[in-house]
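Two complexes, one shared chain (subunit A), two partners (subunit B, subunit C).
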Partner chain A sequence: MWFYVARRFNLFVLTLAILFLLVFLMHKALPGDPLINLSGITNPTFHQLELLDQQYQLDGSVINQYLAFATERLSGNFGLSLTSAQPILNEITQRLPATIELCIYAMILALLVGIPFGVLAAFRYKKMTDLLIVSVSLVFYSIPIFWLGVIGIMFLGLEFQLLPVAGRLNLLYQIEPITGFTLIDIMLSDLTSKAQALRDAFFHLVMPTVTLALFPITVVIRITRAAMLEELNTNHIKAAEARGVSPLIIVLHHALPNAMQPVLAQVSLQLSTLLTSAMVTEVIFSWPGIGTWLMSAIYQRDFPVISAGILICAGLIIVISIVSDLIAIVGTTKRRSLRHGKN
Partner chain B sequence: MARTSHIYQDEIIPSPLQQIWRNFATSPLAMLGLWIFAIFMLISIFAPLLAPYPQGYQHSSALLMPPSWHPEGHVAFFFGTDDLGRDIFSNLIYGTRTTFGASILVTFIALFFGCIIGIFSGMSHGLQSSILNHILDATLAIPSLLLAIVFVAISGPGITNVMLAVGISLTPQFMRATHNAVHHELSKEYVTATKLDGANKSQIFFHSILPNILDALVIQITLSISIAIIDIATLGFLKLGVQSPRSEWGAMLSEGLDLIFLAPWNVAMPGLAIFCSVLSINMIGNGLQRALKERID
Partner chain C sequence: MNKISRLSTKLALVSAIFAQFGCSPAAEDNTQREQGLVYCSEGDPSVFNPQLTTIGTTIDATSNQLYNRLVEYNPRLGKLEPALAKSWSISDDGRTYTFALRDDVVFHQTKYFKPSRRFSATDVAFSFNRIITPTHPYHDISGGNYPFFNSIDLANTINRIEVIDPHTITFHLSSRDSSFLANLATDFAVILSQEYGDYLLSAGQPQLIDIKPVGTGPFILESHYKDNFIRYKSNDLYWAGAPKIKQLVYDITPKSTNRIAKIMTGDCDVSALPQSSELDVIRRNIKLELQVQTGLNVAYWAFNNQAPPFDRLIVRQALAHAINKRAIVKAVYYGSATTAKTVLPPLSWAYHRQLPIYEYNPRKARKMLADAGFPNGFEMTLWAAPAQRIYNPNAVKMAELIQGQLAEIGVKVKIVSYGWGVFMNKLNEYQYDSVLLGWTADNSDPDNFFRPILSCAALMSGNNRVNWCQPQFDQLLNAASGHTNLSQRVDFYRQAQQMLYDEVPLVPIAHALRFQVRDRTVGGISLNPYGGISFAKSHRITKKSF
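Coming up: the complex of A and B.
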């Protein structure tokens, strides 16, 4: 068991090293002064210049430069933003919770909606319900996310004025960011009108979350349906059917727990898609997360921010996928033996 | 004499591809998808012949004309015009080239490079395979759209850069799909049998493995085309994609956003075009998956 954990850890370190290498190579290809692009200090004094030279070792060999770059970034020094001249790490800690909040709610919504419909489709395989669920999910699978967001803004936001179209919270409420998650922050705050603030924050969340969740919902439906179909064909299900167990208990109690394993494993693979969709969603709904931050950096050619953004986004995905992999390996002996061909 | 040979000829066992096609053709949805796909293909090839007006031509006398079925519309501008008097119908037809045609081109380029690397990493074993595998995992961890956005951000917008960016971001997925398919086949017994018969590596690959991984590749192709369309359109929407005067569906949509109250058709039509093309490809992909599954069952 510890052998597998060590293997995963090994993979984690190597993947991270390759990610740093890719970003380092990107820095090499960037136009402009490499020192400015790395540090974000536009007009360094002589003293600073000496210090930066020592930090990033631009006089050294390429390997030294790479190692220096990786150590700086790993120790939390992402440099300054070219536009705001603020340390990038501070901006990340401000922005990242908003994105994570949006992603978590969308993922929860996707699982809550996707799994029941997937199970229902598998249970009514090749019947009207199944066909309907599969076709509707295919339609939503094909809608480009930005079009969906725009339609949502047009009808729900402007035409019927049901939901707010931008931001996280009405400016009336002054909430101190403690965790960065609006809902938790409101709970922690000493506001007199907590209930109204919560309501407002919730209404702000609805449209971005639903827009972001629609694509994962369809994916979860497909994965759950496929996993359940496979599970319903196994012998222990047939045995249970022969014993006269009611179909509801068979599906919920015998098939679903087994089918959840592959579903959760595949859902963690969807995270990178979720994060990019979140970036587009943030741009549409002016959600102050890492996506809007990165996009404005791209428009302004703020290279230190761009490279930091890639490192953070990809690093986050790597960490989450390794952790979910570890949980899956610890949780099921079947997977452990499958991986290495020992029965 | 002649009759006996006929008896054997009467019973033709359809080849795997024919079987897949027969299964595929039984689904009306999949066939509908194929027809829509073919129409988009024809439009993107013959765009200059089909479009009523030249690309980006501005009719200064017909600004913000509604679509032709609207009481104020005119049939000369079938889907209406935008705020510069450009005919939306012609722009959509030209946009088919940049969004739909380019995505197909890009997918096949990515297929070519991704396959070669995937086959090498799939056929290798030991340390070599492990190293390639780690590189694959790292490139897959970077979201494809983010990679494309950053590539365009550095190299500047324009059709060539957009295609390069999307191609580079699609390649890892092909590498992964090929790698997994090859690895999966390698562990099967019929491959071991050919190995015992003394086949060398290239013989094993071309005669045993390649025919059996084609179906996995075909599914990956349909998946990638739809991803490529969405990616190109998203780049256009974020104003990083193809620049005017060349028209592109995503860029048309984002230009129409400012006028969404005055002229909603400016947003609806390009969005509908993206949606239809992606839906047709997904219907084909779904049909193919079903057909393959039924052949194996």
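Coming up: the complex of A and C.
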């Protein structure tokens, strides 16, 4: 197992290095003063210029420049935003929690809805219920979320005015961002009308979360169904059936725990898709996370922010997939002794 | 059986939890919401001091909320009213203005500064000396550019400011200026605190005066989260009576459709600048009211008059003949605007009704271009910002229409577009061939339509985007403001308009109507034809009185 972990770590470092290389090459190809694009300081003084030259080693060879660039970024120096003149790292820490919050709720919702329906479909294999679940999930699997989000805004928001369509909370509730997660921050705040604020935050969450969760729900349904079908055909299940154990207990107690392991492993692979969809969802619902931030940076030609956004999002996906891989290895007895990974 | 009953109890519990949340977010209000008001604004202010800018978004967020002026213009009555000055007198030669100031005005008590004294004449002197005296310690802070005041040449208009006693101040002008009081009433002529200035200077952080504002206005800045929101609380010690709302929030929402969505779902109470295409949706919604105001504004197509071939009159005239204003107004404003003959709207008393127009005539335009030596046309850039302004709801669309119309006479147009902030900065480099911009008047004086955007002084301050400086034109403006006799002034302004027609430094396109949406539970917000919005008198209308 340790050999496997080491291999994964190697892969992690290598992928990061390539990611940095790509972003570095992108910087090389950008129009304008490379120093401004790297640092985000629009009118540097002479002193600053000297310092920046030192930092990014623009006089050195390309390899030196690349190493200097990677060192700066890895130590948390992403430069300043061209539009706001704020350190980009601050902006990231302000916005990342909003994205993560949305992703977590969507994932939880996907598991809460997807697993029961997947189990139900497997249990009623090739019956009406199964066919219905599979076909409905196929429909939602094929719907692009930007369309779904807009339809949701049109009907639930504008036509029937049931749900708010933008933002995280009505701005009249004054919540200090401590953790960056709205619900937790409301609980921590000293607001007098906490219940109403929570209610408001909940309503703001409904549409983005559901929009974002629909795709993972269908994926979870399909994976759970497949894993359960495989599990229900194994010998120990047949033995339990022969002993006369009730079907409910067989499914929940004997089959589900075993079927869960491949499901969770597969779900962690979905996280990168989730992050990408989250960006689209954020733009649709004006959710103040990384997605809207990156999108407005693209409109404003804010190159330091664009490159930082690419590094952060891609880096996040690399970290998540490797960590979830490791968790799967540690958690699965069968795979713990493997020298090579397998999905 | 047992399991099923347990399951059903669980289900009942879950549904009870959901019932707690209710089913409609806008069903009932609560105190937090009733005491506050959310305004969906179209952009982020660049700075919290209106002296430093002419950008409407910044003015809306600062001028009438955080500050006061000596005198204020009442658009309904069409005259000036006392504000921080109780009364004023003008000497017979029209060169000395003496103001008697209020003695019950206090500056904001904020987290970062607690004033120890009341508003007095030294604050007025401080605020204006900052602008007009280059040696003033605050003159060069935040760039040292005061675009509006530079364009009206305030530094040379005011000879000297004299503090007579704490409640009396005198402005000595170097020459008679009939628009002086009107200029003091603009959204830019705000009064800052001298005590705060001294404090920041001794703390070594003078730049904070424009970022962490201290004013006398009805609201106090509490926090600003860039590109997201600005939070104000009410100034309970406001001299004209504390505002009825406790909290004011600007929800910064650049996209118009999002603003409409937010006001329809109750996240906003008032929303700025709905797009013309959305007006029908708003009119159909019984919860919302659409406020309309004939705007004192103009959208124009400015040529860079120093870049060839636009330095040649015949080329400019040809291009003026090549565009179909009527079609543009119809497609971009959906009829919520009138085509413009000159920069001055027909509402103004100095409007030149007999002015000829450049009619839409592509054939003539083509011939003129051929005469100018461009039988096959040429290539040019047209800059348009993807931001919505009062005078132009969709500059990019307008640019595309112009692109299509100019293609007919063989001119190839390349549209250049950046976000608003970057756009305005890049304009200062004068790299464009032509640009779509506009102007919203700050006061009722016609001078305000010419001097800030077309004078030589405006070229120095970076507000003159046509890159055109005609001393003769400036002389006309000076002559007009030097007279107090209305018919003489009209005469000079007509000559100025005639000159703009002859020289075509820019092509005026449209005068837009101004719209604003408000929830019917909110009252006391009036729409001002001169731009700036004010929430000082806003309040919630309770359901009973409704």
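Keep in mind that, in the parts below, the second predicted complex is superposed on the first by the 335 of 343 C-alpha atoms of A that agree within 3 Å, B and C clash if a C-alpha of one lies under 4 Å from a C-alpha of the other, contacts with A are read in each partner's own complex, and residues count from 1 in each chain.
Here is the rule we go by: a contact is a pair of C-beta atoms (placed from the backbone, for glycine too) under 8 Å apart; a residue touches a chain by one contact, two chains touch by 3 or more.
In this text the structure is predicted, and so the values were computed from the model without any measurement.
Once both complexes are superposed on subunit A, the partners subunit B and subunit C fit side by side without clashing.
When the shared chain is aligned, subunit B and subunit C each come close enough to touch A:Leu158. By the touch criterion stated above, A:Leu112 is placed in contact with neither subunit B nor subunit C.
Within the superposed three-chain model, A:Gln174 lies in touch with subunit C and out of touch with subunit B [touch as defined at top]. When the two structures are aligned on the shared chain, A:Asp200 is found in touch with subunit C, with no touch to subunit B. In the superposed model, A:Thr276 lies in contact with subunit B only, and not with subunit C. The partner of subunit A that touches more of its residues, comparing subunit B with subunit C, is B.
In the superposition on chain A, A:Tyr141 makes contact with subunit B only, not with subunit C.
By the document's definition of touching, of the two partners only subunit B reaches A:Ile317; subunit C does not.
Residue contacts after overlaying the shared chain place A:Gln300 against subunit C, while subunit B stays out of touching range. Shortest separation of subunit B and subunit C in the overlay equals 5 Å (C-alpha atoms, whole Å). Where the contact sets of subunit A with subunit B and with subunit C meet, they give residues 158, 299, 301. Per the touch definition, subunit B reaches subunit A in the complex via residues 29, 134-135, 137-146, 149-150, 153-154, 226, 230, 233-234, 237-240, 250, 253-254, 257, 260-261, 264, 267, 271, 274-275, 278-279, 282-283, 286.
By the touch rule above, subunit A contacts subunit C in their complex via residues 82-84, 86, 153, 157-158, 161-167, 170-174, 191-193, 196-197, 199-200, 202-203, 248, 286, 288, 296, 299-301. Contact residues of subunit A toward subunit B in the complex are 11, 14-16, 18-19, 22, 26, 29-31, 134-135, 138-139, 141-147, 150-151, 154, 158, 272-273, 275-276, 279-280, 283, 295, 298-299, 301, 306, 310, 313-314, 317-318, 321. Subunit C meets subunit A in the complex at residues 3, 21-26, 30-33, 36-38, 226-229, 231, 247, 249, 251, 253, 255, 258, 261-262, 264-267, 386, 418-419, 421-422.
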